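Once you've had a glance at the structure underneath, I'll fire off some questions.
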């Protein structure tokens, strides 16, 4: 059973929380705690050996915590997700394979693409694929069609697995802190389009990828995880794109594991990650 | 103030410990906790904002903890160390520079070498250097001379910074869990002498270094930290030795930072590291 | 067009080889060269812009090179491979996905498993799967059944993608330098079975994986590539196995890319890798 | 003997160059070659076993190469450098230690600081230190004082080892492609001042450092090498600065090794690095 709590910091929070658990004879297997002094914010993640009555526990914890504390107990062991794609296969295929073998930590409900390219791979894994073209319609119409499809499945998260359309603030508002994006760059370098071509022309010796929650500012949401790999003068822009796909796949897989395992707290524009 | 505790695991330990701190209005800045289920062993490291009466606190913690709990409160902010060397400079120079600029987290009391090679660099930093040759004497006599020198300074730790003589069980017993060694290999690969030559002949694509506490078995003590770097077919055995020195310096520096900052627990042949 | 040559070293080899190319107005896009002084062995890989008459070129190169030179011109742009598996999916699924999307650099002809676990994933990608059980038969019979299946497809390489049976010298002799294995360890640490359990009990802070050609000695063939990742005290043996699967997938993918792109030379027990 | 050449690309360059070497019975130990198709530019670095008459060789190479080819033969085995510093010690100390033990690949002629902080460490290594304050004078006067000091020593390179004043285009023009800077960021992220504070506020999960040649644009010169390390939510801005110093030291050391070993070509705003 996982318990995650964030609230304003004050003396005695760990004692108060763990006393509640001890009262119920609950054993803490692992405990991650962090205080952000700048924000005076307290974060705790507890992995408890035994199951317990979540409603009762939440009430007892509320009694000892500050008002406005965010308490989540026993999050769904299996999250549900929708995936948005365009044409590139690498992130989606990795998700589909893990989903098929039961190691994703979530269940893929559907895939929505603005091109038909990835329809067949979804069919091979018996995952519903919906083609929602962005052509010959307004962005609002396009996004509403996507939202409708997503709402059919009530997913916990929507994963942008190389979805190449910029989403409007309205769309983002529909899925507050539920949108996870893989950005093909080591943010904040090379914000925006064609980062690998930018990287090539700058002659960088590292390229990277960033997984983040999506907020209204382009490429500006809370970062979940990021990695870099070495490149050199022998890499063309296309070689960088190819190498970038490997790192994008790895970074998104890592981010999803952290999110689905309830290891990420978001507060303002930053994350606290209990690995 | 840092508080570190290890003891047999049981329900309610975190609650009991943090209740003691809350009673004294002590604020926990960060808390690392780990339970080793295989060993039924509990480890906790608390970084507390305010100072407090260490003796009183220790007594109160003892009252709520199992017998045989190991409690350390407010460890010396500045450890004292002795360094043993042979001829290679890279680890020692790194330690001397950090010591000189006050960023080592410990204070170098003396350096003991079985060759005179590194005498001058010590003199330049005003650190006492003692030449204790291993030649024309038994290992017991050699080691007793070193022990005598070390005992003059009562260091908390003895760092083997590329000390190339194998130490006897008797010597090790004098400094139980106080001896930190940098081993020129990614243990457990290439135990023993000339690991880089072994690595060269095996054609490996990575070499590494390992910092560990020294126990009686050669290269077998609890590992503190280790790292690897890529090598390739263009590396001669000498090139591997040269690259290895860079990684040895980095790994030992990292290990010493962790040890001096009281982030390492040792139990049996393993470490728990709260980074 | 790729040209790869290895031969005993002597003065003037690069001049002799490149003069042949210049005579035909062939432009060298990239050139990797290495001389192993210990072995007095010369290796060169040339990426030539234009196609050319391979037979004529090979003859002209032979005329200017030492006897016994190994010359390969214009290797098949698309290699054919067979894959051997047991129960673990991660390496096979990665190969099948890349094969399906045309980015593997080779074409998967068939998969042979000693368990039926991975039959379905192969079916989903329309790849023939053959179940060859090792039960109730001698190793010789078992291996002969596999060899027969492989021979139907005449693959250039046989990839052991987590194939968990030890192969006999006879089997290995059938596929000299055609067998590529992913070993679940940073060789030469933890040779043999259950390396992650060995790693767990040793308390290592890094685990790794090694891709290598298979020779008769267990885990002793020429290493193609290897990588490590950090682990810590919170990892159970099972967590290490899980993390190990990620690194195994990445290391095997990298090794196959290098092999299929003709970037690996093997001589005695080592590789020369032109990345 | 190292030979480095860059020139416009054309068919037959490698053959022409290596024929000259073969004529003199010179043996090529290693050869790095690169063609930048976008720029139609050819780069070659040859490590030749035997010494030779450099003037004669250069003339013979000129005869077979395009006009305007840049040929450097037998570069000084020991470069001379000047170092500019402000207050931070980590990069300078690393350079002084390597210089003292003869492993820098260059000889430190003098250190110039705009603060006196690092005077003592230079004195301990018998290296001349000049205090050139930037206070109460124009930038032109300040820079001219530095230029005068540097000119006394005629160094091959000037290393900015955490020199915190922005240099004018006039200063840079005095030392074209001789100025090597370590920038406390993974460029192009966080250009300019206080990159670690920027990184902290953005909540990044990696920080990095970049070594580059200095051109007139701030932080915009050709990149030599760069690296990143992982950080997390527990890092304050000061912790990032501390971790950054380790990576800055490592990156600058690597860059200097590459430069002093004649492994870097610069063309326009990019480097070609033969590692």
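Brief remarks on what is shown
All chains are identified by letter, namely A, B, C and D, in their written order; residue positions are counted from 1 within each chain.
Keep this in mind: a contact is a pair of C-beta atoms (placed from the backbone, for glycine too) under 8 Å apart; a residue touches a chain by one contact, two chains touch by 3 or more.
These are the chains along with the protein names UniProt gives them: A, B, C, D = Formyltetrahydrofolate deformylase.
The structure presented is a predicted model; accordingly, all values stated were derived computationally and were not measured.
Residue contact pairs shared with A-D exceed half only for one pair among B-C, A-B or B-D, and that pair is B-C.
By number of C-beta pairs in contact, C-D leads over the other of C-D and A-C.
As a whole-number value, the distance joining the C-alpha centres of subunit B and subunit C reads 40 Å. With centres taken as mean Cα positions, subunit C sits 35 Å from subunit A.
Residues of subunit B in contact with two or more other chains: 30, 34, 37, 234. Within the complex formed with subunit B, the subunit A residues making contact are 9, 11-16, 18-19, 21-22, 25-31, 33-35, 37. By the touch criterion given at the top, residues 30, 89, 93-94, 97, 100-101, 121, 124-125, 234, 246, 250, 253 of subunit C touch subunit A in their complex. Contact residues on subunit B toward subunit C in their complex (touch as defined above): 34, 36-37, 186-190, 202-206, 208, 222-228, 232-234, 236, 269-273, 275.
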